[in-house]
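After this come two complexes, each holding chain A, first together with chain B and then together with chain C.
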Partner chain A sequence: MNDLFIIAPFTIGLIILLGILIGKYVVWTIQLSQIDKLRILHGFFTVRTLRAIREIFWESLLHRNIWKTNPLLGYMHMSFALGWLLLIIVGHIEAYMQASSLSVSPWIPIFFRYFEHEHFYGARFFAHTMDVLLLYVLSGVVLAYGKRINSKLFGIKRTTKLKPKDRISLIALWSIFPLRLFAESATAALHGNGGFLTSGIVFRYLQVTPNIEYTLWVLYSCSLAIFFITLPFTRYMHIPTEVYYIFLKEYGIKLKKQFNSYSKIQVYSCSRCGICIDACQMHHAQISNNQSVYILKNIRDENLTDRKLYNCLLCGRCEDACPVNINLNDLRISQRIKSSKEYNSSYDFLEYSITEKADVVYFAGCMTHLTPGIKKSILTVLDTAGVNYLFLDKDKGACCGRPLMQAGQIEAAKKLIAYNRQQILESGAHTLLVSCPICYKVFRDDYELGQIDIRHHSEYFLELLHNQKITIRNTQKSIVYHDPCELGRGCKVYEQPRELLQSIGTLKKVKHEKVESLCCSGSLGDLSLSMVERNKIKEQTLEVLLKPNPDILATSCPLCKKTFVKGVDIQVKDIAELVAENIQSN
Partner chain B sequence: MIDVLIIGGGIAGIETACSLQELGLETLIIEKEKQIGGHLNNWDTLFPTKRSASEILEYYTEQIRKKSITIYLNTTVTSIRKQDDGSFEVYTSREVSFKSKTVVMAHGFSLFNAQRKEEYGYKIYENVITSADLEQTFKQNNDVFVNPMGKIPERVAFIHCVGSRDEKSGNHYCSKVCCITAVKQAIKVKQLSPQTQVFCFYMDLRLYGRGFEEMYREAQEKWGVQFIRGRLSEVAENIDGSLQLKAEDTLAARPFKMSVDMLVLMVGFEANKSTALFHNSCGVACTESRFIQPRHHHLSANATNIDGLFTAGTSIAPLSVFDTLNHAKAAAFAIHSYITK
Partner chain C sequence: MMKQFGYNSLKSRTIDYKNINTTLISYIIKNEPSFSSCISCGSCTATCSAANLTFFNIRRLNIQIRLGEFENIRQEIDKCMLCGKCLLVCPRGINTRNVIMLIKKGLVTFNLVE
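Up next is the complex of A and B:
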C-alpha cells in the first residue's frame, strides 16, 4: 500500500504549523520595543534562560499551578503535555535504537509500529513503555471528555464555551490518541509488535485486515494534520505561545499601558482552562460573560464589546488565579485605553502653588476626604508621633489619577499625575504617605518619584510603632482584617496591616485571605455595575468576613470601609482609626 | 383573649387604641420605652402649625387615662405567631406572651443613622448635628441659638435628603417630612438668631401638604432663608471648628466651597428593625424599602397579607404626624369590621 497517504498529511500539517508559528513569532518579536529586544539579547546567555526552562518544565509540562488550584484539572493538562512529549521522546529513542543510527526519516518515530515489525534489542521494553505512556495520555483524554460532559465533576462551576473552529480542533485532538491506540492495536494484531495495551484489548476478538490497519493509520495521520493546521487559529496556540511568553517574561519584559505585540503574546498564552471564571465574584450578581478568559478570546477575535470590557471590578482575583500568570488586569486596562474616547479633560483650573518643605508629605486623596473619620485619625497619629509633615491636599487637591487610569483615560490621568508629581517633588520630602490604596497603587506604578519612599499608612504606622514613636494599647477585641484589592493584590502589602492589628486586638483568620481575599464590591474599576448587583457581591464577601464573629471589621481602604458600613451591624473601622483610638502619648 | 394587641405606644398606637375603645373593643398596648409617645417625645414643634408636640402628647395622655387603656411599658415584642384558630400569640421580652384576636403593628420607624454618610462628618466634627438633635436643642432652649461649641453661628446650612432618595444608602424612597421640617427649622433659627444666615441644600423641594408651600414662601420672603439646589459632597473641619463645605449649585452649574459654623443633616426614615423580626416570625410581606406592605395601597391600606394582622402609622412608609393619625383612625375602623363581621 501507498505509504504516502500516511506520511503526507502529518508532514504537510507539521510544515504548515511550523511555518505559521515561526512567522508569527518573528513578527511579534520585531514589533517589540527596542529596549525589550535588548532585554532578550542581554538575557539570553544568562541564568534567566535556565530559569525560564525550569518554569516551562513546571508550568507548561507539569502544570503545577493548575494542580494547586484543581488537582484533577492539573492531571488532565499534565497527561496531555507531559505524556505526549514523552511519547515523542521515547518514540525517537526507540527509532534510533532500532536503526542503530541517528539518521532516520522524521516520520518514522511517529508511525514507528506501522513501519517497523522487526525485533530489535529492547523492542519489548519499548513496546510496553510506549503503551504505558499512551495509556497515560488516554486517561487525560477520558477526563477531557468527562469535563465537557459535566464540568462539575472537576469541581468547577463552568467551563469555557466553544466556537466551531475550536470544536474541530478539539475533536482532532481528542481523536489523535484513540486513533493511535486503534492503529497500533491493528498492527499488533497483524504483526505481534504491540505492548500490553495494544496487543491486548482492542482487536482480540475482531478480525483485522491490512486494509483496516492502513485506514486507521491514515486517519491517525489526518487527525494530527488537522490538529496542527488548526492549532494557530484556536486556543491551542497557547501551547507554543506560553513557552515563548515564559522566556520573554524571564528576560524582564513588562506589559505596557498601550496594547502591543507583548500584550498579544500574553493573550495567545491563555489556555482557556477556565480557572479565572470561578475566581470571579461577578457570578454572585449573575454576570457570566465578562470574565478574563472571554475578554482574551474577544481580543483575539477582535469582537470585544465595551459592555463586557468595562463591567469588571479590576479586583485582580483572576490574575492571581491564572496558572499562566497573564497580567489580566493591566491587559483589560490596555483595552480600555484602546477603546476610550478622549473626553474633555482640561485641568486648567488647577493652580500651581509653591509647596512648603517637609519631611513627610501626606496625600489624603478623594476617598479619604469622604471619610473624615480616617483623615482625622491619620492627623492625630502624625501629631502624636511628632512627624514633620505637610498635608498636601488639605484644602484643594487633584485626584491621584488612578480612577481615570482604570477607566482607560490615560491622557487625562497623565495630566493629574504631572500636577501632583511636581508638588510632591517640590516639597523635598523623603516620604510620601497615603491613606488610600487606590492612590497608593498609582503612586507606586506611574508617578516615578525617584528616591521618595511611598508608604501606605498601615506600613508607616507600623514603622512608627517599631521606632517607638507611638505606643498602642491592646483592646483585647477580636478583629477580622479585610485586604483591599489595590493594597493586597495591587501592591502586595499583606503583613504590615496584620502586624499592626495584632498590637490592637486579636486577629482572627478568615477563609479567603491575603492574595485570595474577596473584593468589597465598591471598586471604582466598574462604573456599570448597579447597586443591587454590588450588594449581592458585598453580601458574599461579608459572609466570609463575619464568619468568625469579630467585634471589629478592620480594613485599610476608605472605599472598602464606606462599602461595608452599609451592610453590617458591627463596627467597621479603618486601621488608622483603630490606631488613633488606642494610641498612647509618650 | 384580648381583642386587639397594639405593638408600639407612639401616636399611631395610641390613636388606634383610643378609636377602638370608642368602638367597644378591648385593647392592649405594648411599648418598648419607659414612656408613651415615641419619636414625638423628642420633637419641639410640628409643621405646618408650629404648635408644640407636647400639646399632642398631653392630649393623648389624658385620653389614655380617661379610657383606661392598658399599656405595658419597657416591653419589647420579640415575635408574632399566628395560631390555627386564626388568633395570634405575641411573645415579649418579659417572658410573658399574649393571646389576641388581632394585632396592630404600630411600631413606627427608625431615624437614619447619619454616621453612615461619613463624608458629612456626623459625630466626627463637633458642629455637625442632625435635624433630630436640633429639635432637642430647640426643646431645651427656646431663647438663644448657639452651635454645639456654644457660639452664635454666623452661617448655618441644612442638608436635605440625608439617607433618603440615596442609592448609596440603599434608600430609594423620599422620607416626605424632611423638606418641610427643614423649612420649619430654618425659620426657627432665624427667629432665635436673626443675624444668622441660613442655607438649605436640596435636590427637589417636596412641599405637597396643606400650608407647606406658604411656609416655604415665608421662609424666603420674611426670613431670607436661601435655598440652593445641589447636594453636598464633602465636609472638612477648620481649626476654629467651623466647617468647609464642598457642594455644587446645580442651577448655576458650578461647584463651590462655603464655610459655615453649623451643619444640620435632615435625616430620613428607615424601617424599624422590628419589621424584619416580624417578617421572619409571621411572614408579613415587606416592600423593597423594608417597610410593611399593605394589602391594597388604596382599598385596604391597614390590612396586610395575613388575616387579622394590621398596620398603623409609619410601619408602612414615611408619614407625617397628620397622615399617621389618619392612618391610625382608619386602622381602628378596619379592625372593628374584621372582628365584628
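Up next is the complex of A and C:
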C-alpha cells in the first residue's frame, strides 16, 4: 500500500504550521519597540532564559497554576501537554534505538508501529511505555469530553462557546489519540507489536484486515494535519504563544498603555481555561458575556462591543486568578483607549495656584470630598500628630485622573496628571499623602513624582503609630476588614491596614481576603452597570464580609465605604475614622 | 447673570417640537435607559468636581440634549473629569458617567458638531 497517504498529510500540516508560526512571531517581534528588542537581546544569554525555561516547564507542561485553582482541570491540561510531549520524545528514542542511528526520517517516530514490525532489543519495554503514555493522554481526552458535556463536573460554572473553526480543531485534537489507539491496535493485531493496551482490548473480537489498518493510519495522519493547520487560527494558538510570552515576560517586557504586538501576544496566550469566568463577580448580576476570556476572544475576532468592553469593574480578580498571568486589566484599558481615542477634553480652566511649602502634601481626591467624615478624620490625625502639611485640593481641586485612565481617556488623564503633578512638586513636600486608593494607584503608576514618597493613609498612620507620634486606644470591638481592589490587588497593600486595625480592635478573618478579596461593586472602572446590578454584586460581597458577625466593617477607601453604607445595619468605617475616633493625644 | 446659567443658548423662547433633533437623546436612552428617569434635581451639578471650578452644569446639558441643541454641549462636555461624584449622589441611580461617555461618542458618531 502507498505509504505516501500516511506520511503526506502529517508532513504538509507540520510544515504549514511551522511556516505560519515563524512568520507570526517574526512579525510580532519586529513590531516590538526598540527598547523591548534590546531587552530580548540583553536577556538572552543570562539566567533569565533559564528561569523562563523553568517556568515553561511548570506552567506550559505541568500547568501548576491551574492545579492550584482546580486540580481536575490541571490534570486535564497536564495530561495533554506532558503526555503528548513524552510520547514524542520517547517515540523518537524508540525509533533511534531501533535504527541504531540518529538519522531517521522525521515521520518514522510518529507512525513507528506502522513501519516497524520487527522486534529489536528493548522493543517490549518501549511498547509498554508508549502505551502507558497513550493511556495517560487518553484519560485527559476523556476528561475533556466530560467537561464539554457537563462543565460542572469540574466545579466550573461555565465553559466558553465554540466557533465552527474552533470546533473543527477541537474534533481533530480529540480524534488524534483515539485514532492512534485504534491504528496501533490494528497493527498489533496483524503483526503482534503492541504493548499492554494496544495489543489487547480493541481488536480482540474484531477481524482486522490490512485495509482497515491502512485507513486508520491515514485517518490518524489526517487528524494531525487538520489540527496543525487549524491551530494558528484557533484558541490552540495559545500553546506555542504562551511559551513565547513566558520568554518575553522574563526578559522584562511590560505591557504598554497602547495596544501593541506584545498585547497581541498576551491575547493569543489565553488558553480559554475559563478560570477567569469563575473569578468574576458579574455573574451575581446575571452578566455572563463580559468576562476577560470573552474580551480576549473578541479582540482576536475583532468584534468587541463597547457594551462589553466598558462593563467591567476592573477589580482585577480575574487577572489574579489567570494561570497564564495575562495583564487582563491593562489589556482591557488598552482597548478602551482604542475605542475612545476620538474623544476631546479640555481642562484649561484649571489654575495654577502657587502653593506654600510643607513637609507633607495631602491630596483628598473627589471621593474623599464626598465623604466629609473621612476628610475630617484625616485632618484630625494629622493635627494631633503635629504634621506640617498642606491640604492641596482643599477648596478647588482637580480629579487625580484615574477614572479617566480607567475609561481609556488617556490624553485627558494626562492633562490632569500634568496639572496635579506640578502643584505637588512645587509644594516641596517629601511625602504625598492620599486617602483614596483610586488616587493612590494613579499617583504610583503614572505620576513620576521622583523622590516623593507616596503614602496611603493606612500606611502613613501606621508609621505615625510606630514613631510614637500618635497612640491609639484599643476598643476591643471585632472588626472585619475589606480590601479595596485598587489598594490590595492594585497596589499590593494588605498588611499595613490590618496591623493598624489590630491596635484598634480584634480582626476577624473572612473567606475571601487579600488577593482574593471581593469587589464592593462601586468601582468607577465600570461604566455600564446599573444600580440594581451593582446592588446584587454588593449583597454577595457583604454576605461574605458579615459572616463572622463583626461589630465594625472597616475599609480604607471612601468609595467602598460609601457603597457599603447603604446596605448594612452595622457600622461601616474607613480606617481613618477609626483611628481618629480612638486617637489619644500624647 | 442669567447668561451664566445657560439661558443664552436658547436662541428663541419658542420651542419647535416638530423639528427637534432627537438623534442624540435617542442614542443615549437606548444605551443608558436610566437617563430617562432624571428628575432634574440638580444634585449631580451641586457636587460636580468640574462645576466647582467652572459653569459646567450637567443638568443643563440634559435639557440641551433633549432640545437637540448641540453647539454648547461639545465644549462643555470636555470639562467632565469622569470622577464619579455625580453618580454617587444621584437619587435616581442614573449612570451619569455613561451618559457623558455616550454624549461624547454620540457627537462623534452622528457628526453633530464639526
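Throughout what follows, the second predicted complex is superposed on the first by the 582 of 586 C-alpha atoms of A that agree within 3 Å, B and C clash if a C-alpha of one lies under 4 Å from a C-alpha of the other, contacts with A are read in each partner's own complex, and residues count from 1 in each chain.
Criterion: a residue touches a chain if its C-beta (ideal position, glycine included) is under 8 Å from a C-beta of that chain, and two chains touch if they have at least 3 such contacts.
It should be emphasised that the depicted structure is a prediction, and the values quoted were computed from it without experimental measurement.
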Between chain B and chain C, positioned on chain A by superposition, is the outcome a clash or a fit? clash
Using the superposition on chain A described above, determine whether A:461 touches chain B (first), chain C (second), both, or neither. neither
Scan A:236 for contacts with chain B and chain C and give back first, second, both or neither. neither
Looking at the overlay, what does A:409 touch: chain B (first), chain C (second), both, or neither? second
First (chain B), second (chain C), both or neither: which does A:443 touch? neither
Could you look at A:370 and tell me whether it touches chain B, chain C, both or neither (first, second, both, neither)? both
Does chain B (first) or chain C (second) touch A:562, or do both, or does neither? both
Touching A:126, do we find chain B (first), chain C (second), both, or neither? neither
Regarding the shared-chain residue A:347, is it in contact with chain B (first), chain C (second), both, or neither? second
Touch check for A:262: first (chain B), second (chain C), both, or neither? neither
When both complexes are superposed, which of chain B and chain C contacts more residues belonging to chain A? C
Region of chain B that runs into chain C when the structures are aligned on their shared chain, from 45-53, 63-71, 153-161 or 225-233: 225-233
Which residues would you name on chain A as touching chain B in one complex and chain C in the other? 369-370, 531, 562
Which residues of chain C touch chain A in their complex? 31, 34, 47, 49, 52-54, 74-75, 78-85, 87-89, 93, 95, 97-98, 101, 104-105, 108
Chain A residues touching chain B in their complex are 369-373, 375-376, 394-395, 531, 535, 561-562, 565-566
Inside the complex, what are the residues of chain A that reach chain C? 306-307, 310, 340, 342-347, 349-350, 366-367, 369-370, 396-399, 401, 403-404, 407, 409, 412, 416, 522, 524, 527-532, 559, 562
Considering the complex alone, what residue numbers of chain B touch chain A? 116, 118-119, 121, 124-125, 167-170, 233-237, 244
